[in-house]
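You will see two complexes here that share chain A, one where it goes with chain B and one where it goes with chain C.
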Partner chain A sequence: MSETRITCEVNGRKVARTVATHKRLLDLLRDDLNLTGTKEGCGAGECGTCSVFVDGKLVKSCLVPAARAEGARIETIEGLAGMGPLTPVQKAFHKTGASQCGYCIPGMVMAATNCLRLNPEADIDEIKERMGGNICRCTGYTKILEAVEIARDVIAGRRPEGDLDTDEPLGDSFIGHNVRRIDAPAKVTGRLRYAADMKLVDMLQMQVLRSPHPHARIVSIDTSVAEAMEGVECVITAADVPGKDGFGVFVHDQPIMARGKVRHVGEAVAAVAAEDLLTARRAVAAIKVEYEPLPVIGTPEDAIAPGAPVIHDYAPDNVVKHIPLRKGNPEAGFAEADLIIEDSFSTQSVEHAYLEPEAGVAFVDHDDVVTVHSPSQNITHHRHMLADILGLPINKVRMVMSAVGGGFGGKEDMIYQGMLALAAIRTRRPVQLNFTREESLIASAKRHPSKVSYKMGLKRTGKITAITFDMLSDGGAYGMSSEGVMRKAAILSCGPYEVHNLQVDTRAVYTNNTPSGAFRTFGGMQAQFATESMMDIAAEALGMDPFELRRINMYRKGSITHTQHRLDRASLDMVLDAAETASRWESGAPNVRGAARSDMGGPDTRQPCTLGARIVAEAADLSQGDHPTKASTEAAE
Partner chain B sequence: MNAITQTSADTRRKRGRGMAASWYGIARTATIDRAGAWAEIDDGGTIKVVTGVTEIGEGILTVLAQVAAEETGARPEDVTIGDNDTARSPEAAHAGATRQTYMIGNSVALASREARKMLFEQIAEHWDTPEDSLRAFNGEIWVEGSNLRMTLSEAVAICKGRGVVPVGAASFTAHGTGLHPVDGKGSPWQTYVFGTQVAEVEVDTWTGEVQVLGIWAAHDVGRCINPRGVEGQIEGGVVQGLGQALMEEHICEGGHPTTHGFAKYILPTALDVPQINCIIVEDEDPTSPLRAKGIGEPALVPTCPAIMNAIYDAIGVRMKSLPATPEKILAALRMPPGGGARITWNNRPAGETLT
Partner chain C sequence: MLTYDAYHRPTSLPEALRLWRDAPEGSRLVSGATDLLPAARDGRLGDVHLPALIDLTGVTELRGYDFANGHVALGAGTVYQDFLTDPVLRRALPCMPYVSIWFADDQIRETATLAGNLVNASPVADGTPPVVALNGLVELSKLDGDAITSRRVPVRDFITGPGRTVIAPGEIMTRVFLDTCYGYGGAFQKVGQRRSLVISVACCAALVKLDESGRVFEDVRLALGGVGPGPIRLDDSERMLRGEPLSEELMQAAAGLAAEKVASRSRRDYRRDVVVSFVRAALSEALSNAGAKAPLQTMEDMANV
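Showing the complex of A and B:
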């Protein structure tokens, strides 16, 4: 491995290191200097979590070769405040509650600092543009932007510095009070360590061999060359699992590595633990797998077609779960209707895109307890499953939930902890696995794509008389949370409206696509997107205001839900009133009256964006690794 | 903007508004949910809380610190929350299902009350006053209507001097029931929340691009523990909903994913964010000690349909397949007007026209 000697200044101190020439500035900072406040969210210049200053200029350190640091002056998140008090930008982030999971926050603080260094008078549009290369998946950016404006005003002297440290006075309770986030200082300084930031003595690095096929039988796996490589401590496959293999939030249909066949592209087939990342990667490349391709199911319709290939033997019809709801008599309800509307709706597969890719560290402790640190959203269930998989008593498995850099449901599946635990047992050394963004995208669950066929009957008065609701969802290759997602989709299906006659069916089926799983709303948004679209179609047909139609049908105290649960209370009337009033909603039927409305363009809206108008001069600077935003397709006019 | 005259701008860029309502259940679905916690009122008037859960970004650590402080009389900054570790902390199950504030919050509230009760018993004897005359808040403890007052730190020292460590443990349960396998009958949750959002959009009919300029989001969260935290959840949920509405799509072609990175998988950035106006509605939950409900997931439910309804208001095109990308909007604009739904009237009076 060729190496380079690098001498540079980092956060005001001279440092010298000899590093492998393939390393990036990000690796030099994180691996060699232990400055883990700089994060790797994508490794491709697209997220901004790795932002640092090099000779005063903000760069994405994942795109910069380490050798470029030679002789340079580098400033990282750790250097902004140093040992002193937080900077105004950091304090403002703390004050407004701008950090949630915190994974994007060091990069955001760097980008905000850069913006205000370049133009201390930057207005909100310029701030947005200068921060447009940094992604945050948690906050919706609003409190981040608010923080940058506050910091700007403090730095410009327009606002007293003391404002950054003062909050609204405390009344007689902490409940309902805007107590500042107790984890914010650790996040705005980059001090909080996530799993990928952990370093243990003697720790190995894991890499995973993943399937290139959507559906194939594994004929053979030859790990001998990989195992013989210097620096390789172990190579594991499904054959090494000592206990009862299988995990899943509901049905345990997924082995920790493919067993006998692969069911989606990106499924883990084998894993290597080696002295360093490069050796592990080389060893993975040396594993030979012979596959025999099987017919592929690419859509849920294909999955339920007669004679479809079977993906899991236990489910010969490819159905993961079907949830039926029956209430009243839909046929009679439709007969009673003055108006019947039929339509269908579809939603896509969505990635959680938490900024922290999956990561974990496993080791076996002095009492033979197999310990896994990972950003798992469900350590309780993971412990149960892992104990079975490893064939160990439950108190010999210990799961620790490391700081989670965003989850949204996507970290409920135990897709890598099993491999880590197995390698730790085999090597008796700590083992770390950090996913790349590409791995995270192909190996983790997505939001269920779904299709809904809808039929709604209504009286002329607006009262709903009957609904049939049929949802078909692509569960992908493994069950994961599909069962629960279908259950919640069914329960919430017809919206917050009392419907006396209904027939609801939700089904998730296996395909050879990336598995679908838990994702914020768990089926609720797919179902209610269809219902709320139908309600507006109905309101237009009836010539009725959309709020009005919803009030006519809404749940009240004593209403019977779609699952025939009597509600003791319901607050829909309150939120309808609140949204209508706050938005100054102009009443009327939803009949394409946008051009005639007078309730739009108020001070509680933003101006449409004309990107590039502000900082065209520096466009060349920004282009380095700039995130291709959707808005950026609109050129300055 | 400069090159376009007012008239052509009027025909090119069209605005509209839409709304959508929603509902959601709190905590695990169609099952019993449970969470455990331990609390100790510690030296210096500080608090130790241990429960099997940690932050995934939603702000639960801060919420728990507020709850423990409120229940014990300490200050939030004096609360330390232990690690989430299956070998070191009681089970609190998973971080999801909009259950953190409701399940873990209530369990920490109950455990803190237990610890406070032990402390109050000792201090009541020490001051020779009835236990129910004691109050504690913000680091102090006192007897209502008297000038007996000391710091919580002093109170802990007295309590321990009497040989008692004030500790508490609690479990909180939410009683959902499973669904009947044939008709789905059941009581999936004991607490529900409702929300309504209004969206205001501008559609560029030349490029098909949609900008969301304003969102009004009214959500019932039960008793609100931390308003800024709730706003943060709503803002984040709205922007995730916006991403799903307009741009995000993970694509598999014949089982082969083609969206390999953020260059292909487009996410909302600061430039896409509307002004988000949060309206927090507090319909307190009478059945749980904290009277709070939740907001994590529900915040995102109405965003997509509100935006699609607003697009319809602006350009008369009903987007029924997400995401509503510029390509899909342009294609839909080339189709004949109308939503495309099949609408049938029964017993329609003569002369009435179809919408």
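Showing the complex of A and C:
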């Protein structure tokens, strides 16, 4: 590995480091200068968590070879405020509550700073445009954009600086009110360290060999070449697990690395801990695995077909969980219906795409306590499972929840902490594993794709008489949170409506797809998509106003829910009133376009996405200029 | 993960050409490096090891631009952001600010070059359709002994297929020659799934010049990207419009011809539908930017019909 000496100015100070020639500017900043406020969210220029200034221009440091920093002047998030007070942009982000998980925030602050340096008068369209290269998954951008506008006005002197430190008075509700988060200063300055930002003395880097097959028997794993490589401290496989291998939020069906067979593309098969990342990657490439492909189940329908291949021996029917709900007499309910509607609804797999890819650090402390730092959304459960897997008493296992750079349910599964702990035990050295974005996409759980077959019976009056709701969900290769998701989908199945006769079945089944797991709404979204679509279809068929139809059927105080629970209060009436007013709904069936109905192209309709705010703004100036009449040469910067 | 043993930063063209001629097999030239680094990742090329990268950003001769004979000769180091920020380029190349604003994002445009976009010859490159519409020629230079020799190749001949060009070993693209189009209205239409950082499903560059009356097409330039192995110039549509008075029917007919050009193997029907609306919208936008007097239908109007 060749090395290069790089001398540059970083945040006003001269620095010189000798680094591997192939490093990126991002690596130089994070690994060699410990400036970990600059994050790596994707490594491909897509997300903007690594934005830094190079000679005054904002660039994505994951796309800049480190050697290009030679002689350059670099400014990172840590340099914006330096030792002084926060900048107006940073203070404004704090004021509006713009930082949530915080992982995108250093990049967002840099992009906002760049925008206002280039055009202190940028309007909201130009701000959006100039920040278009930075992604946030928590905020919906509203508070971020609001912060940039406040900072702009303070910098321009249109708004007193003191505004940045004072809070807006709280009105009747916290909804829509900006709340300062106490951890915002750590986030807007890049000081907060996530797991990938941790560095421990003598720390090794882990890389993981993943399955290229959706379903295959592992015939053999040969790690001898990898283990013999200089700098490789250990290679681990399922054979090294000392205790009872298996984790999962409900059923412990997943080994920390594939045991005997792989069940989805991207499943961990072996892991290497080495002195540096490159050595670990080369060692992973040197592991030889012989696979014998097995028949693949690609869809949930295939999983329940007679004679389907079996993915887990414990579940010969491939069913992870079936939740049946029964209430009243659906047959009788349909018999009294004036109208019966049948339809089916499918939803797709969805990735959480939190800006922080999975990362963790494990070590064995002086008292033999195996300690794992990771952005786990479920540390206590992880701790219990890990103790069993490692064959250790619970007091010898410690789980620390590092700052979570977005989770949305996707970090509830213990998909890598076991490998880290095992490697730390084997090497007695700290071990770190930072997923790449691609690895996060391929290995982490997704929202359950689902298919709902729906049948609804209604009276002419709009009253629902019966529902059958049958959901078949793709649980993927492992159980993870499927059981809970199916339970929640069943509980919420028929919506916030009182239905006296219902038959609800939700099932998640094993397939050889990427495992499905927890994701915001936890099964509710898939069910509500079906139910609310049915309500609109029913309103149209009955020629009835959709709000009215919902009011006729909604839960009220004293209603009995789908799971036979008597409600002592209900608020759907207020929700419907608020939604009806806010949307300026003109009463009538959904397919009627009234004179005043402004739901299409009305004042609150989001305008089509356009770009070019700054071109339009400058076009007037340009049209005044003369055409150049002679050759001119200008050196580009 | 991209690794390499050597990183060279030549400061002159002779030095760059010498390094490139003598570079070990498999070495790469980079300017922005914004395509190479994301390519060397899992799911695309995987881990890539190269003997050497030769970084052209320090080469003085590749900076700036000259005007001569109705052309602008852009140094190969010209980055996309220049088309937005440099008023001289904006006047000379009226479609390029619109191309640029849709290209990647502000940060990537600071280092990504038009020349690099052409050399990579991606079928979905945003840069090739406007260059084709501007009758682009690329200059390829190499060392012949110690002397630098150059040849010029029309962009339509330079790109021979996805990722394939006629560039020869030892050659570096040094300049891009484009027609100057003063007084034209420019436009660029692109469909993708996101506003920034999106790879085109299809794109269209348009340039329109009106005669003195403001009611007749004096010149029209149209080119499509993303709908075939290389960029496509819409010669038939241009001929149909050139010299004709502005009319909705004629523009619709000219746009309709674009559907026949779609040669993509994937999502072909969708692309055939989309390019017709695109060409129509690009013409409207270009006309509006050319200062056409009649109020013209916009994309949004068409969508709301």
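Quick note on the criterion: the second predicted complex is superposed on the first by the 585 of 637 C-alpha atoms of A that agree within 3 Å, B and C clash if a C-alpha of one lies under 4 Å from a C-alpha of the other, contacts with A are read in each partner's own complex, and residues count from 1 in each chain.
What we mean here is this: a residue touches a chain if its C-beta (ideal position, glycine included) is under 8 Å from a C-beta of that chain, and two chains touch if they have at least 3 such contacts.
Because the structure is a prediction, the values reported are computed rather than measured.
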Examine A:Met574 and indicate which partner it touches, taking first as chain B and second as chain C; both and neither are also allowed. first
Going by the contact rule set out at the top, does A:Ser2 touch chain B (first), chain C (second), both, or neither? second
With the two structures laid over each other on chain A, which partner does A:Lys327 touch: chain B (first), chain C (second), both, or neither? first
Touch test for A:Thr21: chain B only (first), chain C only (second), both, or neither? second
Looking at A:Val64, would you say it contacts chain B, chain C, both, or neither? Reply first, second, both or neither. second
When both partners are placed on the shared chain, which of chain B and chain C touches more of chain A: B
For A:Tyr416, decide between first (touching chain B), second (touching chain C), both and neither. neither
For A:Phe435, select first, second, both or neither according to whether it touches chain B, chain C, the two together, or no partner. neither
Touching A:Tyr478, do we find chain B (first), chain C (second), both, or neither? neither
If you stack the two complexes on chain A, which partner ends up touching A:Ala285: first (chain B), second (chain C), both, or neither? second
Please write out, lowest number first, the residues of chain A touched by both chain B and chain C across the two complexes. 44, 46, 129, 132-133, 438, 442, 600-601, 608-609, 611, 627-628, 630-634
For the complex, give me every residue of chain C touching chain A. 1-7, 9, 30, 32-34, 37-38, 41-43, 47, 53, 55, 57, 60, 63-68, 75, 77-79, 82, 84, 86-88, 90-92, 97-98, 101-102, 104-108, 110-111, 182-183, 195-197, 289, 299-300, 303-304
Partner chain C, residues of chain A touching it in the complex: 1-2, 4, 20-22, 24, 43-46, 48, 51, 57-60, 62-65, 67-68, 70, 111, 114, 129-130, 132-133, 277-278, 281, 285, 436, 438-439, 442, 600-601, 608-609, 611-612, 614-615, 619, 622, 625, 627-628, 630-636
